[in-house]
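So the structure is just underneath, and the comments pick up after that.
Each chain gets a letter, A, B, C, D and E, in the order it is written, and its residues are counted from 1.
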Amino acid sequence: MLEVSNLECVRGERRLFAGVGFRLDAGEMLYLQGANGSGKTSLLRMLCSLSPAQEGEIRWRGESIGKLGEDYRRELCHLGHHNAIKEELTPLENLRTSARLADEALDEGTALDALEQLGLAGREDLPCRYLSQGQKRRVALARLVNERRALWVLDEPYVALDSSAIERVAGLIGAHLQRGGLAVLTTHQAVAVAAGKVRELVLAPDGQA
Amino acid sequence: MLKLVRAIISRDLRLAMRRRADIVSALFFFIIVVSLFPLGVGPEPELLRKLAPGVLWVAALLATMLSLPRLFADDHRDGTLEQLALAPQPLGLIVLGKVLAHWLVSGLPLALLAPVLGLQFDLSTDALWVLTCSLLIGTPALSGIGAIGAALTLGVRGGGVLLSLLVLPLYIPVLIFGAGAVDATVTGLGAQAHLSLLGALTLAGVFFAPWPTAAALRIALE
Amino acid sequence: MSNKLINWFRFASPQAFYPLAGRMIPWFWALAAVFGIAGLYVGFLVAPTDAQQGEGYRIIFLHVPASWMSMFIYLVMAFWAGLGLAFNFRLSGMMATALAPTGALFTFLSLWTGALWGKPMWGTWWVWDARLTSELILLFLYVGFIALQSAIDDPRRADKAGAILALVGVVNIPIIYFSVKWWNTLHQGSSVSLTKSPSMAMTMLLGMLLCALACWMYAIAVALMRVRTIMLERERHTEWVREELGMKAKEQ
Amino acid sequence: MLKLVRAIISRDLRLAMRRRADIVSALFFFIIVVSLFPLGVGPEPELLRKLAPGVLWVAALLATMLSLPRLFADDHRDGTLEQLALAPQPLGLIVLGKVLAHWLVSGLPLALLAPVLGLQFDLSTDALWVLTCSLLIGTPALSGIGAIGAALTLGVRGGGVLLSLLVLPLYIPVLIFGAGAVDATVTGLGAQAHLSLLGALTLAGVFFAPWPTAAALRIALE
Amino acid sequence: MLEVSNLECVRGERRLFAGVGFRLDAGEMLYLQGANGSGKTSLLRMLCSLSPAQEGEIRWRGESIGKLGEDYRRELCHLGHHNAIKEELTPLENLRTSARLADEALDEGTALDALEQLGLAGREDLPCRYLSQGQKRRVALARLVNERRALWVLDEPYVALDSSAIERVAGLIGAHLQRGGLAVLTTHQAVAVAAGKVRELVLAPDGQA
């Protein structure tokens, strides 16, 4: 489904990586590894068509993602270093608004349930600015509970989470793969994801180009 | 499509309600600037009446401009903008929603408050009417044009003031026609021509501006 | 035909354009000097004193070309910027960046000479009429373009952001040009028919055209010089720039 | 003590140099606002000359005010402010350094630019001199007073506009004496009295303001 | 040296913890644990006198830290969730400025050396905004290399770091303890710190009060 070939990334005068290619099919996960600054985030942003690829091609269901445009974005769920939650809104509001903007309906019961799964019961109505670092991340991740889009691109989802939360998120990813979804994941905390086939890709330490 | 625009507007309005201080303060800024000028200029009533249209319009313009940097900056900082850019719908529509919400929160209250302030300047009822109308018609253009500037300076260090630099010159025509309409009424000429030009500017601003804005946002996200 | 096209695209790459520009610059300087001297000669020695305005009207030989160039350069700049945005040519972004300061200079000159002229003609340095205001907006657009580009340090991003601003600002150009027609303003609309005798109109037109050509050549020369500097700066890590600079170093 | 103040000033100046666009754009904002008012008011030169002191001072005040929100916000967001609050020296001194740096970057260039703009308003040489002096003497007070407002609104949502609301009324005395000094010169009276009052305001502003500011910062950090 | 007794923290209407007490002597480290939102960050901020303690007392060398004021801050080094680095400045400048503001001299050679120890060689002169998430954290942590103040309070220092960087930071903490320093540390990624005695304190999961 997702094919990447010969991708290259240049930042400033530094070539972060070149010739990166992989292929991901339904139910598979790519576990992207590499030292700090090796270009993982840059690669993920290219996958999301947020930044252009200098060289190489990214294809989704056989078509270049640049051409697909909105059709590609409709199947894509991205979670970056930032949480993309509003500090003024409560977790519940955050979750429902982000669903609405992604053109999905999410009723209150389902949303509450998702928050509870991430261990945020009792905090649904507290504005997010009062939450702790890890709780904010949990709110961002609660989106994944009802997310049915095919491709998940997750940049260090486990950051700031405690171990029980990490397990729960790993469980969500596993369930997604079992449903036939695809996932691309970076993390410095190796955590086993139960189901699905995991491919690994290691970005070589930089400074070699 | 319309659903998305509505969703954005309702989200932005809700956020604005949570930060109500913002709206109230923009209004107070407007009030203070309007009252400040007579203070710097001196108390002659004749002079003041002459100043009124210009001062009110410039104050409205500055109040709008001050709220511009945060139009996208908050969303940018916390990663929401990225999510919006990845939404399946065209980004231009989302921007349109944000522009409309911005007007509802900044331009509309100003226009409604203006006649009260105009009273202090001893303006005639006619002139007050035209003032309100011109602000109602003209301020959406300020939000639209401002959005382009806000997107272009997004993430650029020192963006706030650079934004004013980019946007103020583009505001000049709005200011000219807006203040001109009131002036024309004060001096007994019709305001019709000015108001329709203002309307044209607004239509162009609101419906054309979202597209370059969306392009600028995508560049800022790169 | 396809051959020609390929040739064109060859020069769209900085590497090929750099030496070409280098060879052309002296020619443009020379042409600018020739046209400039000729224009000044016609303007100051041949053209007769105006009956109403005295000698003061001779400022027209600077004012009108500067005003034309200010608008024309903006159009060219917007064209290059748009091209860069659409097709991602490296060269076009550089051209736009290189043109902006010259355009700002001419706009400033137009405003300045206009103001100087306005004092004797209208009795004031400045009025807020449509032409003058829109020309002032043009200056701010140039300045905004330059400020925006210099505030963004990734050149590709700077090019794109600048391009959007330049394209949005294009609406101002027809406003400047037609403002004298659309609104009833102080600034005169047509210039060449402003004097009475046709012979004088001819010499004035000639002088103005010569000065305009001189400005044109000057603008091209300066823009090419600037674009060469920008190329070296932006591509300083490529092979050809290193070679270029290395060669220079050896020559000296 | 002095070493610390110097260290802060040099750090802030260096940051300002990195964001040079900021300084340049503040100046352009100043220029634009000064040119904008006549536009709204109309072209009569007699009127303009009367407006000049008020317009120039108000523009300087607005330009200063626009740069205020970032006085502490950047440091707050990236955690530097916490580090500064934990520094072994009194926080007030650090604030003093930041206030002085802010003046060097915002007030000083404005004061130096003002006479050039004043020329356009056809002011006499005397009036231009007094204008520059009044700005040189008065703008540090703007930075000092502004710091209090910036600290009080730090981290408060919608702080930017709330800040104007808090600070503008406190700026009024500075504005009155500043514009008053120029006005007095234009009308042939001496500017002495106004200028010394301005000086007193500045001394009070710069050396008293850092302490409440420091207290407000500690509260903002809680 | 550091004694904490009967500390209580209330946020909104929620009591996060109460009756927390511990004692830390030279060469000892406190490893503070607890689920997301259990109040670790809140506790550390109290230790730094950034927020007041509602109840209980914190003493340093036998005296209440409120009274000590600047004398306490002179011996304290705090690293929070935020990196406290300026995006416009280069890593080198960031390091030297923060030393200057802490009233310490740091010459260029030493600073470069510290950056190199954190694996930032080659990035000394790149403005920090271009750095990756992990590299930014490394810049913040480079301060620790030459930090000789007695008490280190570190809030999740390992976040976003790759495993080699984590090891290096753990080494720095170990060296600090060996020099007779004290450290208070929270992290969700359990990492052994070589030297020194480690006390553990677990904040009970919230929602019990």
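Keep in mind that, in the parts below, contacts are C-beta pairs under 8 Å (C-beta built on N, C-alpha and C of every residue); 3 or more make two chains touch, one makes a residue touch a chain.
The chain list, named the UniProt way, goes like this: A, E = Cytochrome c biogenesis heme-transporting ATPase CcmA; B, D = Heme exporter protein B; C = Heme exporter protein C.
These numbers were taken from a predicted model, which means no experiment stands behind them.
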item: Interchain contact steps from subunit B to subunit C (minimum; 1 if touching); value: 1
item: Chain whose Cα centroid lies at the greatest distance from that of subunit E; value: C
item: Selected pair, greater C-beta contact count between A-B and C-D; value: A-B
item: Reference subunit D; chain at largest CA-centroid distance; value: A
item: Subunit A and subunit B: spacing of chain centres that average the CA atoms, whole Å; value: 37
item: Where subunit A and subunit E are represented by their mean Cα positions, the distance between them in whole Å; value: 29
item: Between subunit A and subunit C, centroid-to-centroid distance (C-alpha), Å; value: 49
item: Separation of mean Cα positions, subunit E and subunit B [Å, integer]; value: 45
item: Junction residues of subunit C - those touching two or more other chains; value: 128, 133, 136, 140, 143, 147, 151
item: In subunit E, residues with contacts to at least two other chains; value: 81, 87-88, 127
item: Subunit B: positions in contact with at least two other chains; value: 18-19, 156-158, 162, 165, 168-169, 172, 176, 222
item: Subunit A residues touching subunit B - in the complex, by the definition given at the top; value: 48, 50-52, 70-71, 73-74, 76, 78, 80-89, 93, 97-98, 100-103, 127
item: Residues of subunit D defined as touching subunit C within the complex; value: 19-21, 24-25, 28, 32, 35, 38-39, 42-43, 45, 120
item: Complex contacts: residues of subunit D adjacent to subunit B; value: 18-22, 25-26, 28-29, 32-33, 36-37, 39-42, 47, 50-51, 53-55, 57-58, 62, 66-67, 69-70, 156-158, 160-162, 164-165, 168-169, 172, 175-176, 179, 183
item: Parts of subunit A lying in touch with subunit E, wherever the complex brings them together; value: 11-12, 34-37, 40-41, 81, 119, 122-123, 126, 130-135, 137-138, 156, 159-166, 188-189, 207
item: Subunit E contact footprint on subunit D (complex, rising order); value: 3-4, 7-8, 11, 14-15, 18-19, 74, 77-80, 82-90, 94, 221-222
